[in-house]
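Letters A, B, C, D and E mark the chains in the order given here, with residues in each chain numbered from 1 onward.
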Amino acid sequence: MARFLRDKEQKAGLPPGSLVFTGQHKISEPKIRIIEYNSSDLQETSLDPLESIPYCPYPAKAVWMNLDGVHDSELIKRIGDRFNISPMALEDILDTGQRPFIEEYQNYLFSTLKIFISGTSEQKIFSEQVCFVLGKNYLITFQEQPGPTFDAVLKRLSKAKSKIRQNNTDYLFYTLMDCVLENYLKVIEIIGERIEDLEEEVTTDPCPEHLESINFYRREIAYIRKSIRPVREIIMKMNKLNSEFISEDTLGYMKDLPNMIDQALDSLEIYKDILGDLFTTYNMYMGTRLNETMKFLTIFSTIFIPLTFIAGLYGMNFEVIPGLHNPHGFAISIGIMAAISGVMLILFKFKKWL
Amino acid sequence: MARFLRDKEQKAGLPPGSLVFTGQHKISEPKIRIIEYNSSDLQETSLDPLESIPYCPYPAKAVWMNLDGVHDSELIKRIGDRFNISPMALEDILDTGQRPFIEEYQNYLFSTLKIFISGTSEQKIFSEQVCFVLGKNYLITFQEQPGPTFDAVLKRLSKAKSKIRQNNTDYLFYTLMDCVLENYLKVIEIIGERIEDLEEEVTTDPCPEHLESINFYRREIAYIRKSIRPVREIIMKMNKLNSEFISEDTLGYMKDLPNMIDQALDSLEIYKDILGDLFTTYNMYMGTRLNETMKFLTIFSTIFIPLTFIAGLYGMNFEVIPGLHNPHGFAISIGIMAAISGVMLILFKFKKWL
Amino acid sequence: MARFLRDKEQKAGLPPGSLVFTGQHKISEPKIRIIEYNSSDLQETSLDPLESIPYCPYPAKAVWMNLDGVHDSELIKRIGDRFNISPMALEDILDTGQRPFIEEYQNYLFSTLKIFISGTSEQKIFSEQVCFVLGKNYLITFQEQPGPTFDAVLKRLSKAKSKIRQNNTDYLFYTLMDCVLENYLKVIEIIGERIEDLEEEVTTDPCPEHLESINFYRREIAYIRKSIRPVREIIMKMNKLNSEFISEDTLGYMKDLPNMIDQALDSLEIYKDILGDLFTTYNMYMGTRLNETMKFLTIFSTIFIPLTFIAGLYGMNFEVIPGLHNPHGFAISIGIMAAISGVMLILFKFKKWL
Amino acid sequence: MARFLRDKEQKAGLPPGSLVFTGQHKISEPKIRIIEYNSSDLQETSLDPLESIPYCPYPAKAVWMNLDGVHDSELIKRIGDRFNISPMALEDILDTGQRPFIEEYQNYLFSTLKIFISGTSEQKIFSEQVCFVLGKNYLITFQEQPGPTFDAVLKRLSKAKSKIRQNNTDYLFYTLMDCVLENYLKVIEIIGERIEDLEEEVTTDPCPEHLESINFYRREIAYIRKSIRPVREIIMKMNKLNSEFISEDTLGYMKDLPNMIDQALDSLEIYKDILGDLFTTYNMYMGTRLNETMKFLTIFSTIFIPLTFIAGLYGMNFEVIPGLHNPHGFAISIGIMAAISGVMLILFKFKKWL
Amino acid sequence: MARFLRDKEQKAGLPPGSLVFTGQHKISEPKIRIIEYNSSDLQETSLDPLESIPYCPYPAKAVWMNLDGVHDSELIKRIGDRFNISPMALEDILDTGQRPFIEEYQNYLFSTLKIFISGTSEQKIFSEQVCFVLGKNYLITFQEQPGPTFDAVLKRLSKAKSKIRQNNTDYLFYTLMDCVLENYLKVIEIIGERIEDLEEEVTTDPCPEHLESINFYRREIAYIRKSIRPVREIIMKMNKLNSEFISEDTLGYMKDLPNMIDQALDSLEIYKDILGDLFTTYNMYMGTRLNETMKFLTIFSTIFIPLTFIAGLYGMNFEVIPGLHNPHGFAISIGIMAAISGVMLILFKFKKWL
């Protein structure tokens, strides 16, 4: 499935701007939630996907429209028509395997990002695409399925005194971006903790499963990095765009974001190095352990070799062998053998081979 | 044949601008197809290579002229004369081992790119050169042989309502560029899937053939990367050129292209890393497997060594050896041997050597 | 605990600007020390955290306010209110896992840095966050706990003739920055000396503990590097900011800082390389040592093998074996064996296998 | 001889601008060839080194003066005086170990480059220095010895219709640069083919000589790269110089050069990677081969160990051993041994150890 | 001693600008040499360190003052006072562990560099600090001890016709810089030759001492690189400074310097790579040699194993063993053994194991 190129089936031979969904159907029916708010008032509506999309922009309020489920290209097209979104952007919403980017259009700012869904500790991390359309006083977000990433924002939005309520949708856009970056830091923290635990285990008692874990986390780090790195460019571009859709004040708040993304990327880099070191460490421990075993076995054999030789000597059928007729001959030969093996053991001990 | 420098024989000592074909004859006879179109009308003509090239630019229509087969330097020269193309550009068309680039000339924009022809899964990927000459209302494309890469564009061109028909040849140029990038993404997807399959196989049951596959794909990735990387520069340059041959609107559509090429290059980078990891993983599995075998054999031998020694003891010809005359002596000695080997087995088990 | 992302628990779902402490309580009660000074006069006050914060800026004197212990978010808020510090900056003070950065606000310059606390030679190095709020004639520093890093500055401050006393708080800020960089150089020097000692030990008599040390120092270097690298950007930015809070004269003194940070980073880079080399050297020495052991044991066994064979020959029960009845047969056979082993020893010596 | 720093003896303690030859005497006597040409006329003269240098610039013609052999510092000085070349440039001509560079002086453009002389396939590649002094209507080239690199240009120069004849010396300079770059591509092609052949051999039947070849080509690639990389800077600088000595038209032709040098550098990079891969592949094949041998020998020994043990059992001298008096005892014991070895062989086959 | 951070003891807790010497006393008493010169006249004076420093700038002559030995902070301070040098610069002179840099002050240009003192071939290379204070018509150089680096300049200075005498102190500064760079190239040449010799030795007859040499040179290369790399920045900065202390003409002469430093850095890079390759090559040769030994020993043992088994067979005490009573039995069994070992030898030869 070529996870490291795109996570999706590819459409072939279609013109640019064709509205065809190319991801996985993650939920059965799309859900639309519209929140109109200003500092004094907030109204939340759930819209049936079949209903007509209400006209925007509403003059007096900021509007956040969220769509969960982007597989219905017809619905996307209707939203696009209502808000005058270009087919190029709509195509990017439907194509969930996009590389994150930001682009300013005439009447809105368009951006796609990835958020991570982390399951239990042995599962792969998966990314989902989130798209933002930021207009003058509206923000439309497109998610592949309902998720908890933006729940904290919803909660704060319900409080009349919160900053989000005091500001326009560009501030809302910023808080959502902040959420996305927190999501990155969190997923890195989760994986980072597991890697540091793994490091602990590998350096104390390495076993073959660790090798699989190391390779698994390497892939995960590569996967996360691929989704996060373009976000750095997005944030840098946002500052340079001087877009009319983001106010000076909000840009001021955004000063924090480059720092967050750099922190994420720095850490990924370090965890990548740690996994590389872990791999060599694992190899070395395993090699050393095997070699110790082989060394012990070789030493064991080596001690018996002269003894067997002496036994062989006295097993020869010569007529005259000194000591054969001595009644203590056997005991003496056993004694000699014991002495030889004792000397060898001492020698090996002295040479630190044991 | 120095595939990683050029795919072709080198001409030596010729002046710059000499029109000599330096590639492989891939088809017997060049084919020329001319499509004149505007939003209402479309006319397709097949031209005999020996006929005279009709004069361009046609005043009222956009013209796309495609040549399959570039080995006929005489024909190339005639086309060049008709469209007033500089000998430097014509030389680049004939020299199929060029590094991709774009250059603006006085009355046209010239670019060469590579497209990939991927055969069945075990075959090498090969690149072919495509050249573009984009004038005010004409576009000439030069391909080494007929191929399916641009078929989708032809199909869309046949529909009067399609965007291509509504726009001039610069938009056509953009859609062809888009096709070329899709071709890159597709070839990376194909090779990516194979690499991810290979990874699966190597981590479950590695065998020596996998090593060859790893090296094979490494070469392929290097080969693709060499052809694609310069395309990034081309696209960046296209945006900065401010060329009169590409309209503002088309430039707007082109905003997607840098993202596509970055996605391609990112993925190549990751696949390159995966192959590197796979190589070490393969080596490690093979080494471990061998070492396990050697360890088993050594342990097997080690167990017999004290037994053989005891047998040797009682094979000595001393007159007096305790137990020789005991009728159960043999059985007792066998019992002692069994006990020793049992103890050793338990010990090895305990030490996790078995 | 994901040390390489942040050193702290993460707050989840809180709005940006929420004042919640996210580090470790390192001291039980915060301590505030206020130093007002000019060239003629200096006055030091200890403030109870519960007292009200005196109003600033004081017209005639420079004020340095230092807070040890940043876990009391209420106190931080009160200080913030008094000095009109934005909630964003206050949040950064409370969040001790920040990536170092500098930011200019309307009425002050805000920066966070890390300083290192190095324990005894086997302990991990830990970093603490220091925050600076530099206003027109005041400087507020926030430390996690009382430490010796700034003691030298305090001492110099007490001398009326010192440059710090002659200048405003921007010069004080510079001397503190200088202290921080000296702290970096010192911690690198400490770890560098240990690494060079370790190198000495590893190349003379490597033992398995060295491997742990190598890995330990690798982590430490990565940890230090992660905290120091952003400081380079800070210093570069400081020069470009043209901030009103740093006078031209002080900027002149600051010319030294980039050089110090480059020296620190260069050395870290070299120590990282040395550790990498040490790792391979260690591996090689250990491998060589083991191989020498195995070679010796193998040679030892090899010498006995033909001897045992000869003993076996004369242990066969054929009726007629030449020499069996010779009274010197045994001695002769022993002689032959001695000769064979002698020849083998000479041969091995000659081949430099012994 | 420190080939990777300079190829020459170093002069010590001389002032900058001292005219002392520091290379190898490659030919016994310098040769001067002067070609005066314009579109209608061409005149070639061989000058005796002892004759006086004719005055330049000639008003109506372009002049190309070529000197083969640069060891005669007296002659170089005389040429320098005639053409008013600064001592710094003259020194660079005499010092054949220079790093390639370009520099604009008041009345000429000065550049030094390397060309490669490749012998038969096992010989090292050696570079020679070529210097260019490009004035208003003259070009002086300094070569260490006569060589074929510029022969193609000479041939084209003899044709009155050739572009070189239609243009001034700046175009001649460009064609010579083009020759030099073709020389680079050719030497890379030669070495590239050998490397790809070597790759073929190493992957089919590796032998110790291949290791030497790999190291040999690594050095060659490093050597070529060292000489070529600065040429990229030269070409980039040439475009930015806006020099009066290179006309706009010629600059237009030069658009090709950056692409050629990038192609050369890209390929060198890939060949370097291939050699690195080849090294690991070689190592792995050799290791695998040895290990297979060792495994076979170990298995062989292992099979005999229990057999020898059984023989030892029946060699014991107990009075009562079951079966000793059985007339078929020997045959039975042989049968048991055959059975044991058979079972072991089957087991090893089953475990894929054979 | 943390050679890779600084070569010196660290001063702790001192204010920036404190004049404390932190290096090693390399000579017992500082020596001052003052040379006043112009094109017609030159006067050299040795000054007693206790004498008062003559006032500068002298109106009509250029003055070069050189101080050998910088441990006398009192003397440095007196010089500083006389020439109005800032305490920051004086501190840098006394602190011999500085990273090389250049800084323009109001009335002079200040720079510190490293020069290398190379002893005999087995000794470590050590660097010394040289500081330059370049004023309008004076140049002060501070060296740790007298050395030959600037001797060539002194000699040229004595010739009235030399360029140095025709120019001001900025040209002198340039020639000294040129000397320093020549010193770098020379030290790299010396170490480069040794490395190329070592390469020769390692590839023909590697021995354990080579490993130490490889590690030794690695350290030396890292040490040199650390001192030289900042010089590149210095030279680049010098060109951009547009300083009033360096005339346009002298800047013209300085065009050579970037090329020299690039040559030095390129070569260091290549030698670093060569040492890396040498390390792997050494390892491989040693591994191969050991493996060959082990293989030989194993084969030797393997040949005796079936022979010993046969001897064991006929050593069994069965009553009936075919051939025991045959008078030629022993000879026949010996013959069989010889045949078996012969066949094995041929087989091993055929399989290329011998």
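The definition used in the following text is that a contact is a pair of C-beta atoms (placed from the backbone, for glycine too) under 8 Å apart; a residue touches a chain by one contact, two chains touch by 3 or more.
Note that the coordinates shown come from a computational prediction; the quantities given were computed from them, not determined experimentally.
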* To do: Provide the labels of all chains in contact with chain B and in contact with chain D.
  => none
* Working from the CA atoms, figure out how many degrees chain B turns to land on chain C, in steps of 5. => 145
* Asked: How many angstrom lie between the CA centroids of chain B and chain E, rounded to a whole number?
  -> 43
* To do: Could you grab the centroid distance between chain A and chain B? Build each centroid from C-alpha atoms only and quote it in angstrom.
  => 27
* Structure fact -> chain A touches at least 2 other chains through residues 294, 298, 301, 308, 312, 315-317, 321
* Asked: So that chain B leads and chain D is second, what is the order of every chain round the ring?
  -> B, D, E, C, A
* In the complex with chain D, residue positions of chain E that touch it -> 151-152, 155-156, 162-164, 175, 178, 182, 185-186, 188-189, 192-193, 196, 203, 253, 255-256, 259-260, 262-264, 266-267, 270-271, 273-274, 277, 280-281, 284, 288, 291, 294-295, 298-299, 301-302, 305-306, 308-309, 312-313, 315-322, 351, 353
* Would you pull the chain D residues touching chain E in the complex into a rising list? => 1-6, 10, 12-17, 88, 98-99, 101, 103, 211-212, 215, 218-219, 222, 226, 229-230, 279, 283, 286, 290, 293-294, 297-298, 300-301, 304, 307-308, 311-312, 314-317, 321, 323-330, 333-334
